[in-house]
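Consider the two complexes below, in which subunit A is the common component and subunit B and subunit C are the respective partners.
Now for the complex of A and B:
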């Protein structure tokens, strides 16, 4: 580092002016150019040299990870036991524990309580009336913030009823109501454990990395093996998917508690347990609630995927509609998920904000006065139950009154396709020929030894020896598993999407930061985009562009755009005011201010945003397998349909490895930039 | 000091860094050079102090001098790398976790720079928190809570939340909370540093008033030399982890151990620190009513200057030990030359 600074200094003295093309830059550019050339002509070169193995990794050299994992899985499910206790007993016990509350919740919200079996069953108590549920939601909204939130939440639920999505929505809500407490509670406990035992955190951290980067599809298969097809498997998959951020947030939040508060707790003579539950957790409540909100959003995000292994509800409706290409129905059910997600998200966010504040209830009054809302909800619930026997409309939303827009959407799509087919096609073809195909050929053409060497070099430059080793090992494992070509298609699809998302997102973020009105509009759009479950993006895109790589890319860009915009806006907004003033005083024009001060200073933040974009793109990739891509995501998806544990897990891990490599490289680059700008100390 | 020793520490070291333990193992009291060579940071170096029962002992130092680390070693919030901390004669560092909890519950209280109030509890709930964790009954905690609340003048604010109070009021809550268990040993870690100057002064007066009533043994941390001089019975001045002088404020002024200490004392109004005893000339005989040797110069300066002759000075037992004239007082007031 000092050597480099000295070098640069020497140049400016000897050459009279700072030379743009330092040897270091020249080498970087040279390597990039060489990589591009190799990408284009690598295949031909290998053929000419008669060394095909340079581009095509010989299958004889691969290691059969897949079949090994499959065999191990089979042993686990069929033969593994400790004494008389078989592994399957354990899984059954877990399943039973989760099933009980879930059944209760589903009965309460959607199906009613029944006695007896099959046709002889009689209903003891019907499900909660739709009116009672809506009243409860409104009361909750009012409790958490104000009438505005109450109206929004009530409106959302009324929408579900009016558009005939009620029953499915309630099944989905029931699974959310079970998955969220388990995920949030479990995450909290694990997070606390990691906080108390630094060793635990060191073990946990790489596990969480994997859990957050392995696509869900990959672990659906083992879960299917262990727990069978059905809502419980779906709940378990959801919980595994939704818990990691809660663990991270908890540990971070506890670490963020003012050290004085910790000292105080100890000086007050608290036992370790009292210190955690009476001092630390309440002090960190506000941050911890952010984690709970994340769990909720991830749970909703899983709704459609979970329906692949047996969850009913809205997710199943979407999936079924997608499978029979019923665009209208799929769109309606998808929209219902969005509406549900918005309601739940806004309420939980308001609740999180309120958590750190004083309860507004004046003490000392009667229980009923202090719990007016709860009493009201209970009264409505009971009354609706009683009157429901006489007036069916109180029990279930009258079917005759339901609206449907399914036909309308199908019609819109048909109209667009008839009248604008050529334009859509032209856009698609243009993108494919001029952007996507060249990138794809490049990615596939680069000889694997060169690609790995470049990754190691990048890792070394960005983060030193450890990162270099990590990059080399992970990419080497992908190669050994025989997944290199599929991995490169993944990199191409993800890379193309991230480039596009960055090109669109960063300028949007800059606009959002610099113009107040623009910022508001963009903020609303981005908020909405982030609330949507990933699957929903597919529906309109498939309608317009049908299946294929382009469709996949558009869906990925839409899904992964938000962080690029957010971080760029945040970075540009947070450039120190002193620097801006210094620039203005030096006579910078507005454009120069942006180019010379705001953008460079925001670079670390922008890089972090791109990092998030890459992560989201990779997670979306698997879902786009549904529209016929040929990458690792497809491999995972095929494994799911064939119930091939090993294949799914290996491909899933490969995606995770790509994600981890990208994450570490970009984070290291961002850190480097922060250090260069003096925003972070190097040690 | 005839009063018994309440708390003392012997050769306490706190080193930070990967090689800290190794270094102390090799040489029990490493030199500056050794510490630097090992790449560790000496936060507290060879600290030994004795604090008497009922004394206000101030540890003064600039930021990074190790004063906060030292007080945390004394309270065993931080484990010392080496050394002994004797509290009421027994070694605190040998106490088990369980014993430590008991000691903190009944014998120690601490006030923090940024108040460290729990945001989710009301003023009263914050104050009684130390009792609640002990499992004391609701009736008793409430009575005790209201007593200390009255002591710090916050009656009527029971149900407020910390964020609804001003900084000074929040620190009153912090003080009340630290007193609710009636501790013998009271740690105050820069309690007034986060407050505005006017409030700070008011709180210092309040603190002296409280101590006049309660007679706690106090370890008071500050970076403000004025505050130290104003409050302390004795002051320990710290620099780079070392205690460079322990003395009464007057001794610090009269006989600073190093230039560093002298630099601090330079801008202190000497008449407010020095007592008449320090100016007495035993060869002089005065006339008129005697003044007490432990009176602050500032309080009697006017009288001495107004008198035509020197004024006699009496010690605690009423014996005349000499007299003081207006020249000596003028020297102190106008700061020409040394006071003696």
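Now for the complex of A and C:
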């Protein structure tokens, strides 16, 4: 599906050119037509020729990757040794190392410090008072930028207290406070290593691809075996998922440092170590902070899944509320995650901008004067601790004062359900009959040899022999694993969602770019959709549309819309002013300006946005498995509930392979477009 | 390992110092009980924890996924799981007990019922229910646009098994089986249809809050027998298996194998503990429908049933 999207786009670009039906184009068109025909009649054809294996890969030809991986994993967990140490002792030691600071943070923010274990424990020191934490956040906001940010961050945290989400939010914050430094710090070191050793980067790149695209559910079981049960395993899964962007951004940022600065550093006689830490990293600090920001957002994205293996916190509240169908409570806990994400995100961005500037602290004053805010926070913390024994409201936010809007949200869904269900049903049926089912039939009908051949051809056209081999190998592996039909359902579901997300998202992006106010509104909606855990709206969507593929598609589109909008807006905004002027001078109307100049020039960016949309759509598959799809995501989910390591990893890898093929093809197409418009030189 | 023995040493030391107070408790280390994400299990586990505490044991509750918890039970990171349903967890439990690291501590006294279920207003539209034969005549009453003229039956997640496709075929019912991916999605379907009084028939299990909130009944299929599932000739359809209802099975307690050595007294209490479906359903309804805090529900059970649990501790 994706390749066809890419093709169609590449096609529409030069649609206005004088002679568009070159022999090469004619051949492309012919192949697309043939694929469509094969998709529709492939099954009948195979039956007529008595070659069923064309559409249904015989199970005798599959390779039992699943059981091989399960056996290997078992060996690793039970028998493997590193020197005298068992492998699991090593992983348990790592878990212990991470657990110590985590326990400290949880105690400090949420649970208090206790002596002894379990129920026999006595409290030594209660957790930091909610007032102290809010004051600390306000102070941090003020330090990083100004009173505006301080108010925003303080308001966010006050919301958590007022809506009764404080304790869970602090548990979640504690895991963010541990996962982010490890992810960001580790990512920075690995990124630097990759920058210094180009070979390392080449080895690392496919690993990062896998870390980002294999669904977490797929490796949850082995992680539990290795690192033990509880929050630490959740933290490790989070770190695996959230670190890759940091590594990528670091390497890119270091490469982007002005060569003159590097030369200057060398001339000043720095050692390699000094060059990195004193010259390169500070110069690239601003870009590197974007990576940190990504780590924070992805960590908060993982909150729900982490809570399934014992992380607790807000994610658990969302899950538990939806289990008892308390939509309002689930929505409130979900919004608390959004609010937390906004506060942490804005502060970290401000911190990043500030880090680029020279320190403004006037020298020569006393320590207390230079650290006024920190002193204030410490004083509030201690005072709240001391007085908390007498006035409980200082320690914990009084329960009687909490607000709730839970009933309102449940009522909204109820109202929509009772009054508008028939309209929803009509929309759904129309989509299913005219859009989804034909796409599904097509995806399942194309004979696999033809599909693989087309992928190879597409890879060859877009990126040469190397990409062709990659496409062939990865799709061949999926076939050999016996997952072809499930992979095609995946392609269908994601493809349909991506098409819809593009159709909705790109126009929204254009509006956002051309109108300032529209841009602001769209920005807020998109931000919320991306940080609100998809679980929160999954259940209301089920109530309105019933379980099935359409519900899954709605959930995927809602989640994956964001990059399509953002990249399109970015692309349209950044079209060179000279070109626009040239267009205006030659008498283009506003509409022509958009159609002939802005959109074509923004095409590479739009393609990158679609690429990201595909990635997000694939990452939603595992979540939509929870509303009853029958694709690779479901396979991963089944494997998880049966604790079948091999099955889960193989299905997870198949999803990753689809993601990698799509990514490489679309990136290659985007690069081709940039070269055609002279934005990049072919090398 | 060195670390561990040191901790153990400390624990033993404190044990000796505090000996007169907790004389009958074998170890002061906390017993870790797992909590999942449905209220019945939380209540069940918290009651068990409260009883163990009354007996002097140190307990700790750990949040864990229903199936993923077996990884922890095998390694001894987790110790007790209070609700393993015959119907949904048997496979995982058998796999775990086969390793020798997990033991089945016996039945909780609750019995899981899983079957096709419909809201009462459907009885008017399909007279003859709850007898399953009625479904043959009014499948169309349960149809939706997508499935018409077949009826639409919402089954549980694929992982629950249940053989509903086979049942539909063997009993010659004109129904299409649609799988919900999770039980949240399953009940979302019910809530949605119930609000509109629309047709629905779906997989419901008890103990659960749903039968307390929604008025309805289970379909009465020919009763389950092991032969009915395995032998085609048994049952109403002589040619096919699965021509009967679903099995009803106990809900099991499971524990890490080491519990028996480390806290033999606690192990016995856990083995003695039983509750029944009715009292559990009442407690679940209290928590989920009336919004009573789970800890309060547990506390009132503890005061009301003091003699019962004292007996388990004393045995």
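One rule holds in what follows: the second predicted complex is superposed on the first by the 644 of 683 C-alpha atoms of A that agree within 3 Å, B and C clash if a C-alpha of one lies under 4 Å from a C-alpha of the other, contacts with A are read in each partner's own complex, and residues count from 1 in each chain.
One rule holds in what follows: a residue touches a chain if its C-beta (ideal position, glycine included) is under 8 Å from a C-beta of that chain, and two chains touch if they have at least 3 such contacts.
Computed from a prediction, not measured in an experiment: that's the story for all the values here.
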Clash-or-fit label for the pair subunit B, subunit C on subunit A: fit
Touching partner for A:638 - first (subunit B), second (subunit C), both, neither: second
Partner chain in contact with A:279 - subunit B first, subunit C second, else both or neither: first
First (subunit B), second (subunit C), both or neither touched by A:307: second
Which superposed partner A:384 touches (first subunit B, second subunit C, both, neither): neither
Partner chain in contact with A:271 - subunit B first, subunit C second, else both or neither: first
More subunit A residues in contact [subunit B versus subunit C]: C
Contacts of A:261 with subunit B and subunit C, given as first, second, both or neither: first
First (subunit B), second (subunit C), both or neither touched by A:54: neither
Shortest CA-CA distance in Å separating subunit B from subunit C in the superposed model: 42
Contacts on subunit A seen with subunit B and repeated with subunit C across the two complexes: none
Residue ranges of subunit B in contact with subunit A within the complex: 72, 75, 77, 101-106, 108-110, 112-116, 118-122, 129-130, 132-134, 159, 161, 178, 181, 187
Sites on subunit A touched by subunit C in the complex: 89, 96, 117-120, 220-221, 224-225, 228-230, 307-312, 316, 319-320, 322-325, 414, 417-418, 421, 425, 429, 432, 538-540, 542-544, 546-548, 624-629, 634, 637-638, 640-643
Of subunit A, residues touching subunit B in the complex: 258, 260-261, 263-264, 266-271, 274, 278-279, 282-283, 285, 356, 358, 363
Complex contacts: residues of subunit C adjacent to subunit A: 1, 3, 28-31, 37-39, 49, 53, 58-60, 62-72, 75, 77-78, 91-92, 95, 144-146, 154, 157-159, 178-185, 187-189, 191-192, 195-196, 198, 209, 288
